[in-house]
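Labels run A, B, C and D following the written order; every chain starts at residue 1.
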C-alpha cells in the first residue's frame, strides 16, 4: 500500500506571498533565476563563484535573509553540491549555481543526488569549453554532459530557457519537477541568457503553482525510503523526524540497505523519467504542420534561429520551428513523428554537435539532419541558419549521417588557411 | 549483531548528553553497517567519499535543530579541504574521525595518517597531525583517544555533543572490518591493544606536539576547548544588526 | 620506436586484467602513475608499486582523483608517459581534468575499471555504465579515444595501443574495463621487446625561439616539448592561439577547438578497431563489448542451434564510434541485439546509426554480475522473430 | 624621422614582453609580486630553463602567462596538484606555484594541505587580496570579518584563514608573509623560499583597488599602500597563531617558519633503495 502523494493529489499549493516580489523588473537572466528560486520556495543555496553564473548567487544572497533563507559560499563546487544535498534531506528546497568547470566538478555528487533520489535544482549558465575555455562567453556544449556526465545509469531533467522571463518561470518549474519526480533538475542556461537584461514580470503569489514535497504520511515504522508510489517515485521523509533513515549512495533496496547486485527496482531511476517523459516534456512549436524543414533549437540559439527562419519564410520556404524547452528527457516521439512528414531537420547549436545526435537518432533515417555548429564565444549568425535551411529544403537526396553546414566562421578560419 | 564498541560508546554519550535520538543525524562516507540506524535509532546518511562534511553542513543549515555527527575514516585525504573550511566557519557539527591506520574497505592501502610500520608503501609519506590541523583551523573542541579509552571517549563525546561548534574527536582504532561489526582478526585485536598500551594521556597538551610518529608514544587526551560563535550564530547576529527588524532569526 | 627492455616482462604469465594493464603500460614506456585508490582498480596500483623499483617508475598517491589526474598531466609535460587508474565515481571526479588534458593536448592514459553505478553503486559489481560518460563527461566540445578490452591479454595489448594513440594524437585516452575483466586471471603472452611497436610524442626540434606550442602540423597535432628543455613556453586551459596565449574571441575558439576534434575524426579509420564474426550472411547481429562479449559467443552458438543466422560484432574502440561499419551492417540485416550491463547507452548510438534500416533491440542487464548465455539467446530469438520494422529502441 | 632606439626592458628575459600590457588593474599588487619574483630569479642566478611556474584561475592565476619560463595556466585550485606532477616527473625543475588566495586556500585547500604534508619541494607564492577579484568581488576564505563583498552584502561572517598558521600546521618548512609594499624583503623571502628544499609558502598581501577597497570604501591603491605602511609590523618568528588579520587592523609580517624536513622525493628514494630486492 502506498502512502503519501495519492491522498493529497488534489491539493494545489501556491507560492508564499513573502517569497514573491510581484511586479515588473528590468533584470538579467541570472538574477531572474534567483528570484524564481525564491518564489518557488527555495531556502538554501550552496554556491561557489564562477563566471558567468555568479550574479544568480549574489542575487540570492541579497534576498535570502529577508525570506528566511540561508546561503553559504562553500570552498569548492564539490562542497557546494554536497551541501545542498544535505539541506534537501533536512527538509529545505535547495539549489546550486555553477558553470563550465564547476559543473564538471559536480559530476560525482550529481550521481549521488540521482541515486538518493534527492530533489534539487542546478543552474548551469553554460560558457564555452572545454576546460577554462572562454569564461565570459556563451556556449551550449554541456548538454550531453548534463545527461551522461556521472558514472552509472541515471536520468535527469534538463530545461533550457531562452530569456530572463523564462529564467524566472522555468526555475519555478524546475523546482516543481524536481519535487514531483525526486530527481536532479538542471537549468541549462547559457551566458547570453544569463547576462541578458530584459523585462521580467513577476506574477502574484497566487498565480504561481508550487509542487509540495511528497512527504510520507503513513506510520513511521512502516516507512521504506525507496518504496515507490504508482508513478515510480517514492515519498520522502526528512532527517530528524524519527524515521531512522538509512540513506546510502551504494546500490540499495527499498529499505535503503546496500545490496550486492542490482535489482529490477534499480532501473526505476531511469524508468521514472523515461515512462513519465510525456508529462515532463514541453515544446514550443510554430508552423510545424505543413513544414518541409523544421529547425530544432534550444536556449539562446532558438531566439537567433527565429531570424534565420523569418528570412527563409520570406523566400517562400516552408519552415517550422521546434523549440526544445525541456531538452532531457528528449522528445523522441515528437521528432520521430515529424521525421516522417518533413524533408529535413536543421539543428543550430553552440557546440560542434550534441543534441543533433539525438535528433538524428530519433529521425530513424526518415529525414535529413543538418547541423549548424558554432564553436562558442558568440551566437550564430542568422545568415548561417538561413543558408542551412535553404540547403536542407533543396536537398532531394537522403543523406546518410549528419550533414554539417559550413558556417561563415568556418570558411573564414579554416578555408582561408588551407 | 555485534556492534563496534565505538557505537555503543557513542550511544552512551548520546544518552548522557540528553539529546533526543530523533534529532541525531549521522553522516558518513565509509559506514558499511546499515543496521546501525535501526539499532541506535539515528538517521544515517552514507554519501560519496570525502563529502560527508559538506553534506553535513547542508543538513545543519537546512535544519539547525538537528545534531549532525560526522563519522569519517579517510577524512584527511579527499575531504581535507571541507574539514578545514567547516572548522573555520565553525559549523555546528561533531566530527568523529576514526583514524584506523588503514583505508577502510580498500585492502589496507596507506592512509596519510599512517605510521610506517603498518603499511608497506607509506614509509615516505608524512602523517597529518589531525588535532593540530583542527586546532589551527579553529575547531572549538579537539580530543584524541584510542578505542579502548572507553570512559574518556564517552566523556569527550558527551562534551562534544553538548557543545555548539565544530568539535573534532580523533579515535584511533584499527581495521574497518572490525568497525563494521565483523569479528576482528587476532591481528586487529592485537593492534588495538597495542595502541592502547602505547598511548599516553596528556590533557591540554599543545597540539603541535601530538604528531604520531614511530619514535614516541601516541599522545591522547582532550587537547583544546574554546567557545566561539557558530556559523548560524554569526549569521543571525550580523544580519539582525545590519538589517534590523526585517530580518527573522534563522533557526 | 622500440620499447625499453627494462619494463617488458617477456614471456607468458598468469595475470589478471588489472595486472596486465600495468604490464602493458610498462611495456609501452609508462613511467608515472598518479592515483587515488578505489575498488576494483586496486590490483593495478599494487602491481605498479611492486614493479616501480625495477623499472624506475614514479608513483604518487594523491589526496583525491582530481589531484591524481592533475599530477598525471603535470608529469606528462615533463616527458614521462603517464597514467592514472580509477573506477566509477573516481572517473566522475576526474572530469574537469580530462577537459584540461584535452585543451592542453596532454598525452596520458586513464584506466577506468567500471563498477556498478550510479554514485557509489556496488564497489565490486560488474557494469558498463560509464561508456557515455567517457565520451561526454567533461564540459565543452571534445573528442576522445576509448578502448574496451575483453580479456587480460587484450588489456595488455590495448594499453600499449592506448599509449600509442595518446602520444600520437596528444589526447587523454580512456581504457574502459570492468570489474569482471579486471579480476579475471588468464595467461597473458608478453612479446619480446623488439616486437613491440611504440609511438612516442613528436618533439619539436627547431630553434628555441621559434617554438609555438599550438602550431599544428599537417596531422592537426602540434609537436610537443618537455618542461625544462629551455623552450619556456606557456600553455593555458583558456581558449588560446598558436602561442598558447589566451584570446577571447569566437574566431580563436573555432581555430582552437575544432582541430581538437578533427585530429581524431580525421583519422578515425586508423583508430577504430572491431571484431566481426559471421556477419556476412547474418540476419541478426549481436553488438557487444567488454565483459558482455565474453558471454555473447556462447549465446550465439545456442541461437544457431535454433537455426537463426547470427553474427557477432564486438566493439574494441567505442569512441570514436565505428559509425560507418554499423551503418553498412544495418542495411544488410534485420536486427541488432545489444546486451549491455547498463540501462541503455551504446544502444542509443546504434539506434542512431541504424537509421531506421533495421530493428534495434536492447537488452539491459542488471549490474553486479554477468548475464547468462541463455538470456541473451532468448533475446536473439525474440529479435529474429520480429519481422515488422519498429522505429524505436526496443527494450527486451 | 630617425627611429628611436627602444631600450630593452630590464626584465625582458623573465617576462613575456609580447603579452604586455597585462590584464591587472591599476594599483593592483600582483604586478609588484611578479616583479619581486622576477628580481628573485635574477638574484638566484638560476637557469631559467629549469624554472616552471604553475598557476590556477583568478587574477593571480594569470601570472603564468606573463613569466617567460615554462608556465602552466591550469584549472581552478589544482595548481599545486599539477605542480606535484611536474616536480615528481622531473625533480630537477624548480617549480613555483603562483596563485591567489581563493585558488590556493579555498578550492585548493586540500592540495595545499597534502603537498605540505608530503613536503613536495615546491614554492607557493600566494597573493592574498582578501577577495575573489576575477569573478567580481565575492567573499573569500581570507576576507576579514565584517568586511563587505558581493556575496557577503551584510558583512562577512566567516572568520578568515590565517595562511601562515595553516601552512605551519600542515607541515610547510618555510613560511613568510609580506605586503606588496615591502618589495625588497619580499624578494629576499622568495629567494630563500626557492632555495629551501621542501614546501615553502610566501604570502603576499596585496591591495585590490577595484573590488576589495571599492566595496569597502577603503580608497584607492595608494591609500591601501599607505595603510600597509602605517599598520604592517615586522615580527620575525612570531608564533603563527598570532597572525590573524582583522579588518583594517595591524598586519604582522616576517619570516615565521624555517625548518628542516626531508622532502617527498628524498623519502621516496630512501624507500626505493630499502625495498628493492637485495641481490644475493
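Just so we're on the same page, contacts are C-beta pairs under 8 Å (C-beta built on N, C-alpha and C of every residue); 3 or more make two chains touch, one makes a residue touch a chain.
Predicted, not measured: the structure shown is a model, and the values here were computed from it.
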| note | Larger contact count among A-B and A-C belongs to A-C
| said: Centroid of chain A to centroid of chain B, CA atoms only: how many Å? | reply: 38
| task | Could you put a whole-Å number on the gap between the CA centroids of chain A and chain C? | result | 29
| request: Determine the centre-to-centre distance between chain B and chain C, using the mean Cα coordinates as centres, and give it in whole Å. | output: 40
| Where does chain D touch two or more other chains at once, residue-wise? | 73, 75, 106-107, 109-110, 113-114, 141, 154, 268, 275
| query | Residue numbers in chain A touching 2 or more other chains? | reply | 65, 75-76, 78, 101, 108, 111-112, 131-132, 248-250, 258
| remark: Where chain B touches two or more other chains simultaneously, the residues are 46, 48, 50, 77-78, 80-81, 84-85, 89, 112, 125, 231, 235, 239, 243
| task | Name the graph shape formed by the protein chains and their touching pairs; answer line, ring, star, complete or other. | result | complete
| message | Quick check on the complex: what are the chain A residues that touch chain D? | response | 47-51, 54, 57-58, 61-62, 65, 71, 73, 75-77, 101, 131-132
| What residues of chain B sit close enough to touch chain C in their complex? | 46, 48-50, 77-78, 80, 103, 105-107, 109-110, 112, 121, 125
| chain B contact footprint on chain D (complex, rising order) | 106-110, 113-114, 117-119, 141, 146, 154-155, 157-162, 165-166, 168-171, 240-241, 261, 264, 267-268, 270-271, 274-275
| query | For chain A, which residues count as touching chain B in their complex? | reply | 43-44, 46, 65-66, 68, 70, 72, 74-76, 78-80, 82-92, 94, 108-109, 111-112, 238-250, 255-258
| field | Touching residues (chain side chain C, partner chain B) in the complex | value | 36-39, 42, 45-46, 49, 61, 63-64, 89, 119-120, 123
